[in-house]
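Before we start, here is the structure in question, set down as structure tokens.
Naming follows writing order (A, B, C and D), and every chain is counted from residue 1.
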Amino acid sequence: MNIAMLGTGLIGTFYTMSLHGLRSRDKVVSVYSRSEERGAKFAKENNIPRWTTNLQEAVSDPEVDVVVVGLPNDLHKEAIFAAADAGKAVLCTKPLGRNGREAWEILQKVEQAGVFHGYLEDLVYSPKHLKAHASVENGAIGKVLWVRSREAHPGPHSDWFWNPEKSGGGAIIDLGCHCIEIGRSFIGKNIRPVEVVCWADTQVKPIAAEDHAIGLVKYQNGAIGQFEVSWCFRGGMELKDEVAGVDGSIRLDNFLRTGFEMFSAPGKKGYVAEKAESDSGWLFPVGDEVHELGYNDMFADMFNAIEQGKKPIEDFYDGYVVNAIMDACYKSVKTKKWEPVEIKEWRGLDEVEPLSAFVEYDENHWLVKEEILPDGRKKVILKEKAGGEIIEKDI
Amino acid sequence: MNIAMLGTGLIGTFYTMSLHGLRSRDKVVSVYSRSEERGAKFAKENNIPRWTTNLQEAVSDPEVDVVVVGLPNDLHKEAIFAAADAGKAVLCTKPLGRNGREAWEILQKVEQAGVFHGYLEDLVYSPKHLKAHASVENGAIGKVLWVRSREAHPGPHSDWFWNPEKSGGGAIIDLGCHCIEIGRSFIGKNIRPVEVVCWADTQVKPIAAEDHAIGLVKYQNGAIGQFEVSWCFRGGMELKDEVAGVDGSIRLDNFLRTGFEMFSAPGKKGYVAEKAESDSGWLFPVGDEVHELGYNDMFADMFNAIEQGKKPIEDFYDGYVVNAIMDACYKSVKTKKWEPVEIKEWRGLDEVEPLSAFVEYDENHWLVKEEILPDGRKKVILKEKAGGEIIEKDI
Amino acid sequence: MNIAMLGTGLIGTFYTMSLHGLRSRDKVVSVYSRSEERGAKFAKENNIPRWTTNLQEAVSDPEVDVVVVGLPNDLHKEAIFAAADAGKAVLCTKPLGRNGREAWEILQKVEQAGVFHGYLEDLVYSPKHLKAHASVENGAIGKVLWVRSREAHPGPHSDWFWNPEKSGGGAIIDLGCHCIEIGRSFIGKNIRPVEVVCWADTQVKPIAAEDHAIGLVKYQNGAIGQFEVSWCFRGGMELKDEVAGVDGSIRLDNFLRTGFEMFSAPGKKGYVAEKAESDSGWLFPVGDEVHELGYNDMFADMFNAIEQGKKPIEDFYDGYVVNAIMDACYKSVKTKKWEPVEIKEWRGLDEVEPLSAFVEYDENHWLVKEEILPDGRKKVILKEKAGGEIIEKDI
Amino acid sequence: MNIAMLGTGLIGTFYTMSLHGLRSRDKVVSVYSRSEERGAKFAKENNIPRWTTNLQEAVSDPEVDVVVVGLPNDLHKEAIFAAADAGKAVLCTKPLGRNGREAWEILQKVEQAGVFHGYLEDLVYSPKHLKAHASVENGAIGKVLWVRSREAHPGPHSDWFWNPEKSGGGAIIDLGCHCIEIGRSFIGKNIRPVEVVCWADTQVKPIAAEDHAIGLVKYQNGAIGQFEVSWCFRGGMELKDEVAGVDGSIRLDNFLRTGFEMFSAPGKKGYVAEKAESDSGWLFPVGDEVHELGYNDMFADMFNAIEQGKKPIEDFYDGYVVNAIMDACYKSVKTKKWEPVEIKEWRGLDEVEPLSAFVEYDENHWLVKEEILPDGRKKVILKEKAGGEIIEKDI
């Protein structure tokens, strides 16, 4: 595949590192930047044949098969519309839009244009997520009851993130989109998110948007997707997920605590890891950031899907649903109550199975719990099916 | 100190193990049980001179200095009233009451009787909590923005917990009381909890009460105490806390993941740890459960306080505040919105400092963020004090 | 118990913190220091009634039941002889002597005097060690094949440690004594250590003694106790053990990585933990050092043993065996080959069971291995009992 | 690149998964198996155009650029000779030979034939190793003093490993080759390994070769590479490294404990991870095994080197050195003393810098140690340059 990369910031850098890494057969052939200097430098450093400051030129390049949008949020719509008009497959970084309305317009555009669209939510492609997700699908932990996804660090690296006009919000729009989709992925993307409650505040930073937020997304089957996002976390970048199922549980650490620890007295010179806060003392580097963050598997899925004429794991409809959930979150922050998630066109299941998992003990009783006590006794707690009374007995 | 132990269940066992462990000068001299058989067995196993099924007899024993209440929640009030009437120091397990009203009556009773009262919230006495708390007090992580306290396991070990008439609720009343007080302890017990939002559901178990709940307690200074409690967690007992401050962060694992891992092919025979779910494969035992859970330091604080005529770290007023917060949580579950915490007599600070921590970059700018990028560049993001605009520059 | 504490250094401080901590009924009533200033200060800070610079006075104090020797290694013998002559129970810190000969003289002295003697090897009393040891005794991991015990930090805190005349050696004598006894404890103190091979070097420090060493102690049944000790480790104090058994394995982290992590941007003020190297960035404090390092359980065992007229878990014979093993290690460093452990009077088993654990597959084959392959196949590898040929087959 | 894969066992499967994974431009075009059935099945499952049971046919296929040898150890020499005669680039799995003599013959053959040769020691290409190695090169931990590399699991998956005729030995030849090269990589491949001491035993398994071994490799500068290998470890596959430097330290967990934990009550169906021992309870899966084990980066280095006419990170000379070290280890096991490493043609440095890192305190003293004590005092331990005496003083 020949790719036009739109954007030369951190995300454009990571995307290009992934695309050009290892022995990939896919290459970035053109890069668009709003700045001549950045464009020229980026092209040179990454061995990209052409660069331009003309968006139209980049997306209509005849050699280009796929346009990758790695621009600030306020430029997604324009870039995607241009790519769609040029008839190119288009992949867009997260979030899709600054709000649900914008995302919906984007979705309609690409569907009307009939072009391939992929939503670059890399964190549901991280190797750990892919394997954990497969385990969940195989029933390893039973039905999923709750997902906690946490992304927290000391704040983003470019000015536009901090400006809600350009970004669409604060930590929710920047980080919450990841966490919400991780929750959807584990709970099931076919299960409708029905309502949310959300707290957000500007606790520390001198900004207008929220720098810290926590939300609960309730799904139709009663499962809860919890997200925690912060731009005031100290100590590096936390990127971790917990999943509780009826029959098991999962914990993932994607960044800190991945089995790599280093103590450096003089200070490791230079770059340690994205959002690391120190370069001496105990450090927690990541082996291969680009791989661990899911970029490699994400692009493989996208390009394989294009070649095979299939839907990728994540497309713009997913991006739209995430924006719709975030809209409801921002509303809940203001109204201070649960708010419904408004989705224009629900494409998943209409009816869902309940989560409850009653275990029968005998004809007349449900099993509530069985436990071994410190003194070696084993006992069961039972509920009478008829009267509902709770009893215990040693066994 | 000579102690009368009321109750012979798991908590009575842990309390007695703590009191009689190591080389303590304090001893349980009398035990009360509702069952003759349990009372006799417990006294014999723990080398306690006397046992009785008569509550009055236990609390009025002239040799007894301190009455420890380790009974089901619905019996706390009666036992405490009896102890207060007998003029004994009284220590009560958590939660103090089944609701705020009951806790308030208990508090008024002991204050009117003028007896010493200690609230046995062991988890703010765990060695890790004590050390982390001291670090927070010393300013190691700056002002506390957020505390997450999670306690989750496969459900309690006695029938009465599962019966809301007796216990006062479900996972919130059983586990939330711990998590809420851990949050208060880190955020500052002088800071008023003002409102809460809470989700609770009966996701899995065949019971009337909630088996899973998540809540946010907002404090007057804007800090958030988050609690997560579950009776449907699989994999043992999670007991972990995270604290985020303006200048640092803390993570504590009190039970699983404490630096002890064991793989056992045939299965370790018998008791592994409280709420463990398996006895083979990979196991995570705790070194000294009674110490790690805070019982030793808790009783040391209580008895030292009695001897020195001081207030212990936790007394019944703390128990009452926790009950008041839980009342607001239960209300929020029903109303689906934030609910105020109603505290009859606030004894902490009336005014509090805000959390915000603006850092000045130069005369005209606030510092928003500084970061080293993968290519080695270092840049700052600034906010103009005057116009409020956000800019970035390389340095 | 009334205790005379000999020594006011770090170990005397830890011992006294343990003895006076919580609500112990045992108290230090007298302290001996070689320095008036230190003795007076120590007594005042620790609320000890009497202090002296006269060893004889300290050990013959009529109120004293037990003498605790917390002095530099070259003073153990003199202090123990004095205590034995005074007819007091005597507890001595590790190592017992500077070499096997000195330890043997000490052992003979206390046995001839008929006084109680306890070897203060705290690390086999750490709560994790006690629980892990109990699991091994219960058969949870089968017969023990190998123990790795590692203690490494940036070097000791007092001058005399660095002077081999006073200490008896370097990192082996300082830290190896712990690790060797941990190995013996897991493998079985009744199993005879037969030979050792040891590497030691002065890699970094400007000293005469070794600052880094690794040794293997082979036991009569073929089990291996591996020790690794270093005075040049950077990053705090490593204190960790691994045990491999026929049916399972154990990992213990006693100091770093115990479920307590803190990031501190400004730096936690003051003392973090023994041998910590930094006070900012990521830190790994220990909840209750004195408890985690085993001091509380160690003194409880010692005093209970004295009261009950029993042998404690560790006595001077154990100290002597450890010294004898270290002597062989120092010899092996020079001869560059395995050296026998010379024990004057072996008090353990004379014959031992072999470790091998053949599993029969069927009448004609031993089972070598069974495995599930990535493609789902399950196969076994077998050895023909008769011909000895190794075959595999899918099952 | 077009590849002929020789061998269809576990290693051939992993290699092919890596080569065909993601969007690589390199493909296996032919596979050789000794069994028709396995060859046909493997080709079909992996979408490989051709398969054969004729080695000569496989290596001389005109479409083939590179021959990958993934056969049992006793077949490496024959396969490499055939590939060299056919003038193909040849990559061989570890160990290169069954002993140093065989490895030397192989090395001479490929050098005389003038073909590209790469040694497939994947574990020095694991993402964590690559990043840790780069940190060491950058001076993050100072000069390397000691490396511990441990690989232990319940034993290999194919019959030939257990037969020393075919494999060349036991756990040393199977796993030690990895650990030894990891040590060389951190210590410096230019530093000559001079002597070894090694213990090995058949502790558990019904076999002729060693199932457990520990060795120390001493380098010319005094650094130590420690390896620990076992076929009797229970609990999965341990693959972990520790590195101690003058100024810092590193810990890597490559397999267990990588930030992925799962509890599964019913048991995750099927394959969990290489050498996992259970499929229920607490499990520690790896995100992307093929990537984490280094296969992707290894093949990228090999093919880039071929295209660019450069030496890869690992070539057959490295394989030869590792075999030479293992020969000395086997000798040491028998002689029970340190044995020199015999290398026919040393291609690294002849002279090396010593490790020692004296720090000057003032004109007359070396700094031995500085420490903060629990009571807040800070002190230094110094050595007089002149007299050599060790003193301490508070500062």
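We adopt the following convention: contacts are C-beta pairs under 8 Å (C-beta built on N, C-alpha and C of every residue); 3 or more make two chains touch, one makes a residue touch a chain.
Because the structure is predicted, anything quoted here is derived from the model rather than measured.
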Q: Using the contact definition stated above, find the chains touching both chain A and chain D.
A: B, C
(Q) Between B-D and A-B, which chain pair shares more contacting C-beta pairs? (A) A-B
Q: Taking all residue numbers used at the chain C/chain D interface, answer same if over half belong to both copies and different if under half do.
A: same
Q | Computed distance of Cα centres, chain D from chain B, in Å | A | 48
Q: Would you mind pulling out the distance in Å between where the CA atoms of chain A average out and where those of chain B do?
A: 33
Q: Would you mind listing the residues of chain B that make contact with two or more other chains?
A: 141, 234-235, 247-249, 263, 265, 270
Q | Arrangement of touching chains [line / ring / star / complete / other] | A | complete
Q) Can you list the chain D residues touching chain C in their complex? A) 10, 13, 45, 141, 145-146, 148, 152, 154-160, 162-163, 197, 199, 201-208, 212, 214, 216, 218, 222, 224, 226, 228, 230, 232-235, 244-249, 270-271, 274-276, 335-338, 355-358, 366, 368-369, 371-376, 379, 381, 383, 388, 390-392
Q. Mind pulling up the chain A residues that touch chain D in the complex?
A. 21-26, 126-128, 130-132, 135, 138-142, 247-254, 257-270, 285-288, 291-292, 296-297, 299-300, 303-304
Q: Could you please specify the touching residues of chain B with respect to chain D in the complex?
A: 234-236, 263, 265, 277-278, 280-284
